[in-house]
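Letters A, B, C and D name the chains as they come in the text, with residue numbers starting at 1 for each one.
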Amino acid sequence: MSHLDSFAERMTRKVARSTSRRSLLTLIGGAITGAATLPVLPVSRAQAQSHGGTPSGMAPQTTGNPQDPGDQTQCDYWRYCAIDGFLCSCCGGSASTCPPGTEMSPITWIGTCRNPADNRAYIISYNDCCGKSSCGNCLCNRNDGDRPMVRPQANNDINWCLGTESAIYNCSTAVILGVAVDEK
Amino acid sequence: MSHLDSFAERMTRKVARSTSRRSLLTLIGGAITGAATLPVLPVSRAQAQSHGGTPSGMAPQTTGNPQDPGDQTQCDYWRYCAIDGFLCSCCGGSASTCPPGTEMSPITWIGTCRNPADNRAYIISYNDCCGKSSCGNCLCNRNDGDRPMVRPQANNDINWCLGTESAIYNCSTAVILGVAVDEK
Amino acid sequence: MRRAASRIAIAMTIAALHVAAPAIAADYPQPLPEEPVPAVAVLPEKYPESWVFVHDLHFNSLPDGRVAVVDVAAENRNVKGQIPAAQFGNVLPATTRPEILVGETFFSRLTRGERTDVITIWDAKTLSPKGEIVLPGGKRGLFVTLKNSLQFTNNEKWALVFNFTPGSSVTVVDLDARKVLSDIDLPGCSLVYPTGPRGFTSLCADGTMTSIALDAAGRAGPTVTSKVFNDIDKDALFMSPAMVGRTAWFASFTGNIRGIDFSGAAARDLGMFEIAKPAGGDPEWRPGGWQVITADKAGLLYVLMNPHGKEGSHKDGGTEAWVIDPVKKALVRRIALKNHSVSIEATQQASPLLVASKPDGSLDVYDAATGAFQRTIVGVVHDPMTMTAAR
Amino acid sequence: MRRAASRIAIAMTIAALHVAAPAIAADYPQPLPEEPVPAVAVLPEKYPESWVFVHDLHFNSLPDGRVAVVDVAAENRNVKGQIPAAQFGNVLPATTRPEILVGETFFSRLTRGERTDVITIWDAKTLSPKGEIVLPGGKRGLFVTLKNSLQFTNNEKWALVFNFTPGSSVTVVDLDARKVLSDIDLPGCSLVYPTGPRGFTSLCADGTMTSIALDAAGRAGPTVTSKVFNDIDKDALFMSPAMVGRTAWFASFTGNIRGIDFSGAAARDLGMFEIAKPAGGDPEWRPGGWQVITADKAGLLYVLMNPHGKEGSHKDGGTEAWVIDPVKKALVRRIALKNHSVSIEATQQASPLLVASKPDGSLDVYDAATGAFQRTIVGVVHDPMTMTAAR
């Protein structure tokens, strides 16, 4: 458990950087520090029938950094291992930025995704972007590690536009919070 | 013009049966009694690319009356010669009835459709059904005789949910008002 | 500004009637009769048992969710009407009166502005709103629709609303008085399962469940927490059970079935049994989809099964419905579905139909007893997540 | 109700991290940096001329219309953001300040309840609402979006809103003071075309047009009605002209082009000319689609043409864009489109792009000078009715 403990520590420190996030975390009981394998956002199996969604047809968006490989408009981009919702990369944002005029949710569900370039496991924070209606582009859903609503912090069906000015869901990001295990 | 005059007379009498409709007609200046060839409701060429819409895939709905032939879920049903919008037959209503919980618009645009069974030309009133969101089924659009917004009473792009409690458009009906020319 | 009325008169010029004097077909001496306007359809107060409420999450416009009322037994005219269910709405048809409850959320400017959560009470016959109860606090839980987010208790006199902020709580609503009775904090637990004469149970993140009896004022009374029974890590229960009377049958991720008796003041675990796993899985058969388990009136269970079951496959939908007798704990029959399906629901007729919703929003209907395919109903909804058969 | 905090603690049990100590790739001694949250994109105050506002009527959810801001010249990241435009909304980007106006309509319960019509003022840089002007009377015209339903006048200090009840009127709005100045009845006439320094023109059902100069308080002043020039029965003008400076070029149903000079206090008819009709029509080439005519900065016109032109074909879209020089009154070039298209818009760059919207909501982009196809942009909107190039 020592690896996990140090992960939890890192997470706690990181989370503490954001007051609003922390206060929300208090509500859910510190959920983000544990049991946070691969939760994701509102599933619509009706639209993304095949596991991982269908190719978006969008023009490829890469970071240009070989250490961060892949196309951010596609469901198989490495950071999206636990995402569920419309990809903000297809909506005016990016993998780590909300589209203009939306608000990034302060509370978030997180996943652990392996970066195929450097083979590190990264903690990815799937912050929702809120305040405009369903983006409608690039629906992507992967349920590995998802658990039912009984464990909200691991459930991808929840609209995490909580603590935002508007609860309307627009799209989901996949922000790098750090590596999963402290390498020191 | 005598045929048309008698048509106009018939229409006026018919319209006068509905007080609320008449009061609205006053606003538009008696539009319904003239220049009312083939106006229809909000077009979405984006969805109904081919003229007349695409087959609905719905189970056929017929009146059972051989004098009123055809499938009311299909865009090519004879009464729909000037319709534009979602067919109420696919939404819980029928060709002449609004779906439950909607309100039929008192003002309407009308068309003249030939019934292939009795070869008569009928005046069809395309009343919109209002107060619930877009039905979403059986979009049908035929623009024969449609004219731009400059002539509202002949324009099918207008939301005719006017004078109703809510202006939200749900679907369109095609009600028989009478034959186009008095046969006496 | 005054504009000459003459303009209107000119506009009224008869443009083109395109109609010559019609030939009168000898076969039809009389024209079709005039039809009355306005004309609006009405529904029966008590819906036939072949009718199903199909909830449309409407992912492309979550603020504009709705529910379709569908007759799955009819040859045509299947869609009977629509009920709005805005923004991750819930639908709950009453059985004791001709009413349908919808939990929904609005913003004064559609996507921004003031938030208002309500229960709207719809008249079953007219599909018109007949009442509204505003829910305070802007905390109604918003997630992909689950039936146990809005439930009745107290013989349908009260409604229970599950809130999530992400703190959990339950709002108790008096439907007769049209007012909120109480708010009950529920840390660590989710959803509401009506329990006993006047109470509910919630499933908790530690694998237990907690039953709360309500007093006459809707306040929390005696509370009973069960032993740990839900192995969320290894074999979590799907949240939506099939109800047979007051007994709920939950499917688990790997394909076990657990019964919970909600008839008493505290929920009672009836234990779990395994569904025999026939060959043919790759890697194995597991339940898959959104609403994966349903029951008919005789108490048989139907479970939507996915041959490609593994970790993470639980929402992938399925290709067969397995019929299970929970009394004999036996797999009775397998129904091969025509299409990959998202959710299933059995109607409550003596000869039940099995309805399977598909990703394109259409429904496939099967004879539940024989598995014979009956019909496809297209144009029902956009995203058919849950279905609720009329009772 | 109090629940033991221990439940939460138990819920927090580390479930499964699935992560062993990672192998460190020798190529990348440092991990990717942490990324800041919250992070929200912003746009430039002044949009590049390759950006286009694509209005989404959203027919499957008319209450939830929106506008996509799209860079049609970029290789990727084409969608820059979305602006809500609820219920037959209108979008009007300002050119004198970094603002985008949206005319929209709300109901307090989405589809029912109290109606509120507003102009929302969006900040171009942040795409956040920075102001709202409530329009009285619940009369904002609701129809498939036409640009001339919401226009500026008075050097963009005022907005003009076209109302339809079905009586016609125009509401004059002071954008600086955020208040309504006046309502002007307009029986028999439709839409607003900014005219002169402070006024507008409306097209009338009798084939004339009426120009109204506004006084400093926004009240109707001198009014001039033109001769009949619009043969609505036989060859109606499409309502959305291409603007070249203050000159509007209207296409007619059969393919004629008419110029109207809106620079003076009263609109001036510049006469009509015919587009030569090449062979190949079946029965004939006619303009077809929703926004069928557009102009580039050099003043060339582009008209979306349908080879199957006839009565009733005017919204059927088209397969070619014909480039027309309105000064020479000549067909300069024909651009064969890759796909059947609904609407067209030229960007205002020196080397313009021609954007064609398709029924599936995607855009095809062409080099307007050569007609060379450049790219398809998918995932833009649902129902792309009108487009407005940044200026």
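We adopt the following convention: contacts are C-beta pairs under 8 Å (C-beta built on N, C-alpha and C of every residue); 3 or more make two chains touch, one makes a residue touch a chain.
Just so it is clear, the model here is predicted, and its values are computed rather than measured.
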{"item": "For subunit A and subunit B, chains touching each", "value": "C, D"}
{"item": "Pair with more cross-chain C-beta pairs in contact, given A-D and A-C", "value": "A-D"}
{"item": "Centroid spacing, where centroids are CA-atom means, of subunit B and subunit C in whole angstrom", "value": "34"}
{"item": "For subunit A paired with subunit C, centre-to-centre distance based on mean C-alpha positions, whole Å", "value": "28"}
{"item": "For subunit C paired with subunit D, centre-to-centre distance based on mean C-alpha positions, whole Å", "value": "39"}
{"item": "Residue list for subunit A, restricted to those that touch at least two other chains", "value": "29, 31, 35, 132-133, 136, 145, 147, 151"}
{"item": "Where subunit D touches two or more other chains, by residue", "value": "5, 8, 11, 13, 15-16, 60-61, 63-64, 84, 110-112, 187-189, 204-205, 232-233, 382"}
{"item": "Subunit D residues touching subunit B - in the complex, by the definition given at the top", "value": "57, 59-63, 87-88, 105, 107, 110-113, 115, 138, 141-144, 146, 164-168, 187-191, 203-205, 230, 232-233, 236-239, 289-290, 311-317, 340, 342, 357-361, 382-385"}
{"item": "Touching residues on subunit A, where the partner in the complex is subunit C", "value": "24, 27-29, 31, 35, 38, 42-47, 49, 51, 107, 131-134, 136, 139, 141-152, 155, 157-159, 161-162, 165-169"}
{"item": "Sites on subunit D touched by subunit A in the complex", "value": "5, 8-9, 11-19, 21-25, 27-28, 31-35, 37-43, 64, 66, 69, 75-84, 122, 125-128, 375, 377-379, 381-382"}
{"item": "Complex interface listing, subunit B residues touching subunit C", "value": "1, 3-4, 7-8, 14, 18, 29-31, 33-37, 56-61, 65, 67-68, 73, 89-94, 96-104, 106, 108, 112, 114-115, 117-122, 125, 127, 129, 132-133, 135-138, 145, 147, 151, 153-154, 170, 173, 175-181, 183"}
{"item": "Subunit D to subunit C touching residues, read off their complex", "value": "1-3, 5-8, 10-11, 13, 15-16, 58, 60-61, 63-64, 84, 86, 106, 108-112, 116, 118, 120, 129, 132, 184-189, 204-208, 210, 212, 220, 223, 232-233, 382"}
